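Down below are the structures I want you to see.
In the two complexes below, chain A is the common chain; its partner is chain B in one and chain C in the other.
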Partner chain A sequence: MHITVVRRVKPLPLGNVLIPSLSIITGILLASLILYLLMNIPPSQFFTYVGEGFVSLETLRDFILLTILGTALIISFKGAVWNIGAEGQITMGMLAAAYVALFTNLSSSPILGKITMVVLALILGGAWGLIAGVLKAYLSIDEVASTLIMNYIAYYILNYLVRGPWKGKHTYGYIRTDLIPESVCFSTLPIRGITITYEEILLLIVTLVFAYVLLYKTALGVRIRILGSNPEALKAAGVNVKLLIITLLTISGAISGIVGAIQLAGYLHRISYPIETHTPYLGYTAILVAWLSMLDLRAVPIIAFIIGSLNQAGRLLQIAGVGGIAVTYLFIGTILMTFTILRVFSEYKIKLIKG
Partner chain B sequence: MKDIVLKVKNLTKRFPGVTALDNVNFELRYGEVHGLLGENGAGKSTLVKILYGIYTPDSGEIYIDGRKAVITSPIDALKYGLALVSQNPQLIDKLTIAENLILGLTKLGLMTPIRKIYGKLRELSEELGTEIDPNIEVWKLSYTQKQLVEILKALLLGAKVLMIDEAATLLPSNEKRRFYEFLRKFTLKGGSVILITHKISEALEVSDRVTVLRLGKVVGTVRPNEVSIDDVRMMMFGERIKEVSYYTEEQIKVLVRNKVVLDVKDLWVLGDHGTYAVRGVSFKVHRGEILGIAGIAGNGQNELVQSIMGLRKVVRGRIIIDGHDVTNRDTAKVRKLGVGYIPDSPLKHGIAPDGSIEDNIAMLPCIAKGIVRWSYIRSLARKLISEYDIVTPSTKTPIKLLSGGNIMKVLVSRELSIARKLLIAYNPTRALDEATAIKVRKMIKRKAWEEGTSVLLVSEDLDEVLQLSDYVAVMNSGKFVSLIPKERIVREEVEKLMVVK
Partner chain C sequence: MNTIIHSILAVAPAFTAYYLTALGHGFFEKSGVLNLAIDGVFYLSVAIAYASAIYTGNPYIAMFISALTASIFGILLAFIVTKLPISHGAAGLSLMFLGYGLGALIGNPAVFKFREIKMANIGFSINIPRTPLTSVTLFMVSIVACLVLLYILKGTKLGAAVRASGEDPHAASALGIDVLKIRLLAGAIGYALIGIGAAIFELVWLPTWQQMHGMGHGWIAFAISLSSGRHPILTMLTSTAFATLLTYQYLLQAAYNLSPEIAKMTPFIAAIAAMTIFMVTPLRRKLSPPLSLGKIFFKEERTL
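Presenting the complex of A and B:
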């Protein structure tokens, strides 16, 4: 009897559904076990919170933001360009939106103000991606390192502004900006318990349509996919690969930038110091969403909902006084780890050979 | 039976959409060269890959020396003495030849002094009749040189069955002759060889027996002295072979050919070693003309082609295509002028293995820009598939699931279809079966004669160069040592010019 590992000729049927689902379930079970062993939280209590996460209306906001971010990331990941810098791109988007809202006259006109906020967030988020793209294309600097480092540069730029030039006049001693004018705050849906806004739903739809057209209907989309498979062949075909990498990271960064505008105009309404502790690290969580979706755009909203729910469950556990934000990271860690292991099965199978 | 080293019984292997091997039975004797023939996708490579443990069969058994063998990895295969020299060399680019060989030599033990390996290597390469410097990094070698290293590796491992998958096809004829002599010596010492080649005449010349596969089934096993080449062709292709034949001169429409399409002036290009690989080459290709470059692999042909395509920097000289100076311009500019390109390593520079046939067509900027019209791309893909008999379940199947020959067909047909002004082809029929190779050559001729496309053809297959070219340039050590018009070509002269130092 032999046991061998054989590469699959064809990926596991339904693997794209099976593997993420199994990873999430196993990941949650593992997390509950760890919490039970470490902190003596009974699994029954744990699962109650997880269940509540899934039905909580609060989850909707994470769902929308994670869908937009997951979409931004799969555009980059499909080209085997690993944008780990969504956090920084969000921060720059927030900076752009805050500037428009607090320091320009545009904020007196709601529609023009909001549009300018989003557009400038796109541009600054995109610029943050573009810098990493230029570094990769022309100096071969690995984008994983550069995008990650640029997250901190973005945090510190915004922190500097909030502590200094942008510090508000009516902040009761807190280090933060003034509230942005009500005219440019996004309008919340008129349903009790819901914190999402009309504008972000619109932006979500626009992003998804844009990404669908980009990836499946344009030559750029084909080239992004081929870039992930064989960049040398693209070069020989006459595609400017450097420009492609830059474009790709710029688009990815621009979409992430929108999320910064949504966070500011949708519910934060002001920027507090230090910025990194006032946002929920969605830029990192979105990496998990992109991976679990197996880089399939259709799966992004589903995975975003699941991860958003777990995020919310972590928050509920935190409110209940069991564990801190670390509980959410525990989920992310156990799921991503299980996923990494299980993913092997979509490419390989284990065979028993008699004899 | 004692004299049978390897026996395959009822072997079946299915891939999505195709049955690659269908109940195949096969026998290999001690001391024989056994030719394996068949058109692209007939299952030859699949069979040897199973024997080498790369694929596991769906059903069937393998016996070695009469005992049932389970081969699940190349390590197992080597333990049984089976070694594969494949179409795509399996070497690590960043290491030197010697380091690559040492990696495979776990048999020698960790403590074997490197000097001893060098000694053995030199001994073997002398026996093979090739010069090889063991301290060169593999990425600097040409395709053919890499395959020689593969063969050396197998021999160093003390293989008793050598499986040679197209590895010898493109060796220069004098090296090839020595190679076949070497195989003969190897079999006289009791070794056995499974030889896959597309050259039927060669297979018949060097094999003791020949087995023909067709669509995954064994058509028959014959002795070369009992059959003619045409019999074997019928076995391989069936009725289809009757459709393929070369153009006769009378059928060819003569075009106005005075316009210069490709003008290369005193070109100097650096190779990967940091020395000049192309040393002052000048030539012109007119409209509708085929210039063939003959030469042993690694004499600057690849660097020349890459610099014309804008994939390698030109140090000195000018490249003018259709009146546009493209010296050191990017590939996009060259492609825009209507240039088709079949590169040296198709899997690396030609196609994207994860992409479908449709993706691999749509990736070209000259075919798809902005919004892709997938219906158009699909019809184009279908046209290429039917025109070149590409065996694939659909236009959406990832290319990597196709056989080597079919992958090559996708690349060649795509590039032929877009070459309006100029086609630059490096070994365009590598890995193609005879019927397809003839078809591709015919298409190249037709492109040149009917559509007026100019062709720069580099091939390590001298027959191909001589068959197609209007002019033959012999490239040796980075220079054109001779430029001969078709009428005055003497094969022996060309061969001499190729090897002279």
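Presenting the complex of A and C:
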């Protein structure tokens, strides 16, 4: 008797719902097992935190930011261009927004100041994506490697500024910038326990509408989807594939850049050194959101909420003295691993053959 | 003369750490598996080397455990991307994140254990002492590893099978090569080298630990390997360049009064620059990557 993998005649019914759900459940179970074995955290405690994550108001912030980032990533993932550098693009966006807020006169006019912050974040985040795009299109350097390497470069550029020329005057010995002027801080919703702002809700809606129109209503959207499935056909049709790859990474980076501006103006209000230990690593978590959504825009908010809750559970574990970012990485790993394997079964099935 | 010899020997730990990692990575990729798990497993191996050196008190056992764990990851990656119609990129990335998570979970508690032991025994250390003899040994190890892999790749049946699996696994399979077995073997050998490289990184070069220690250096090794076309001898040259840069970046920083952030950034910029230079020069055509690198290898079952 042996086991073989055969192609299904039709894709697994409801596979788009079944596979992500199963992956999340299996991934969480695996993560809790590893946490129990390595850190002696009882699964009951872990599951309590996961449950709390789902009902915590704090989760809403991650939900919004992960929805924006997930959208940014599926735009590039749909073209089979793997932008793993949202983390660096967020960092560059934050840098741009901080520059406008701290060192220009624009902060005297709240509306103009905020708009400039977001636009500059968009441009710098986009530029960060563009570099990886050029490297991939013209030199066929794998974008996974280049975008990840550029995350570190972005961290260190911002760290350099915060430690050097941007170091604040009133920081009580901490290495960090001054607070950005209140006039350009986003306005928080008047609900206790929530750190969501009106501006980010607006940006979320704009992003979703933009992505919907881009992917489903424009010729560019069609090209992006064909790039993901059959790039040769695209070349044969005379489409400039190099330019398309660069465009994808630039758009993806630009949207990610906005998140940096939201984080700064929404709740951080200053940048602390070193940035890599003060970021919630949403750029990495968003990869999980994009993949589990099966690259379907409608599923992005749902998955963003689930993953945001898990992120919050990781944060609660950190407050309890274990894990933190380690737990976040762990569940990204276990869920993604399960998903990668399970996804095979939407198109293939395993058969036992006698003899 | 003496100072010259000393400054060359000082590069040995970084050189060996990067060289073995890049060599193992290149060998594995020769078999056609796109290895994006490298940074996660490198980080995990660094953590395991650190923790097991503390718990066992013996850096050599720690190095062995590190190599063994890394090997398991290599075998796992080779297995799933060869046996199932799965994207190499997705599989590699998920193993990378798993490596980050496990590494942090293993490394963090070991810090407390280290302090505890240090309290009782002030002389306790986890590192292999950096004597000139150690440096010479490390250089020898690198050269031997280079020659052995060159011999395997060019002079043995196994090497031919590895290259065939990377160029055209379907044809290789038709000729009677068991692609799965070859890739499992390449994964085991390649990742064992990555594990040893990571252990040298931790136990000889930078014997410390904090949350992000070693993260990103796997990507530098990735760039080292890519920018030398995965060739064992050329990889020596690129590794030398990066190791010299990293060993002396702190001196440069002091000499030119640079910010430490600029110093930390340099190797990553150099990594991108090295890949760019390789790709724009004729080297790219002479040392092109395996034709089927990262392509899904899956035989459709026609009998059913």
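The definition used in the following text is that the second predicted complex is superposed on the first by the 342 of 355 C-alpha atoms of A that agree within 3 Å, B and C clash if a C-alpha of one lies under 4 Å from a C-alpha of the other, contacts with A are read in each partner's own complex, and residues count from 1 in each chain.
Definition applied: a residue touches a chain if its C-beta (ideal position, glycine included) is under 8 Å from a C-beta of that chain, and two chains touch if they have at least 3 such contacts.
Treat the numbers as computed from the prediction; the structure is a model and nothing was measured.
Q: Between chain B and chain C, whom does A:Arg225 touch in the aligned arrangement: first, second, both, or neither?
A: A:Arg225 contacts chain B only, not chain C.
Q: Quick check on the superposed pair: does A:Lys351 touch chain B, chain C, both, or neither? Answer first, second, both or neither.
A: A:Lys351 sits against chain B and chain C alike.
Q: In the overlay, answer first, second, both or neither for which of chain B and chain C A:Thr4 touches.
A: In the superposed model, A:Thr4 contacts both chain B and chain C.
Q: Determine, under the contact definition given at the top, whether A:Lys217 touches first (chain B), second (chain C), both, or neither.
A: Touch status of A:Lys217: first partner only.
Q: Between chain B and chain C, which makes contact with more of the residues in chain A?
A: Of chain B and chain C, more residues of chain A lie in contact with C.
Q: If we overlay the two complexes on their shared chain A, which of chain B and chain C does A:Thr59 touch? Say first, second, both or neither.
A: Touch partners of A:Thr59: none, neither chain B nor chain C.
Q: When the two structures are overlaid on chain A, which partner does A:Ser293 contact: first (chain B), second (chain C), both, or neither?
A: neither
Q: Could you tell me if A:Glu276 is touching chain B, chain C, both of them or neither one (first, second, both, neither)?
A: In the superposition, A:Glu276 touches chain C alone.
Q: Is A:Leu148 in contact with chain B, with chain C, with both, or with neither (first, second, both, neither)?
A: Touch status of A:Leu148: second partner only.
Q: Once chain A of both complexes is superposed, is A:Leu234 in touch with chain B (first), chain C (second), both, or neither?
A: The answer is first: A:Leu234 touches chain B but not chain C.
Q: So which bits of chain A does chain B touch that chain C touches too?
A: 4, 6, 351
Q: Report the residues of chain B in contact with chain A in the complex, numbered from low to high.
A: Within the complex, chain B contacts chain A at residues 15-16, 56, 68, 70, 72-73, 309, 311, 330-336, 341, 343, 348-355, 359-360, 362-366, 368-372, 374, 401.
Q: Can you check the complex and tell me which residues of chain C touch chain A?
A: 34, 36, 39-40, 80, 83-87, 89-106, 108-109, 211-212, 216, 219, 222-223, 226, 259, 261-262, 264-265, 268-269, 271-272, 275-276, 279-280, 298, 300-301, 304
Q: Going by the contact rule set out above, which residues of chain A touch chain B in the complex?
A: 2, 4, 6, 9-10, 213, 217-219, 221-223, 225-226, 228-230, 232-240, 351, 353, 355
Q: Please name which positions on chain A make contact with chain C in the complex.
A: Per the stated touch rule, the residues are 4-7, 31, 34-35, 38-39, 82, 84, 135, 139-142, 144-146, 148-150, 152-153, 156-157, 159-160, 163-164, 276-277, 284, 287, 291, 323, 325-334, 336-337, 339-341, 343-344, 347-348, 351.
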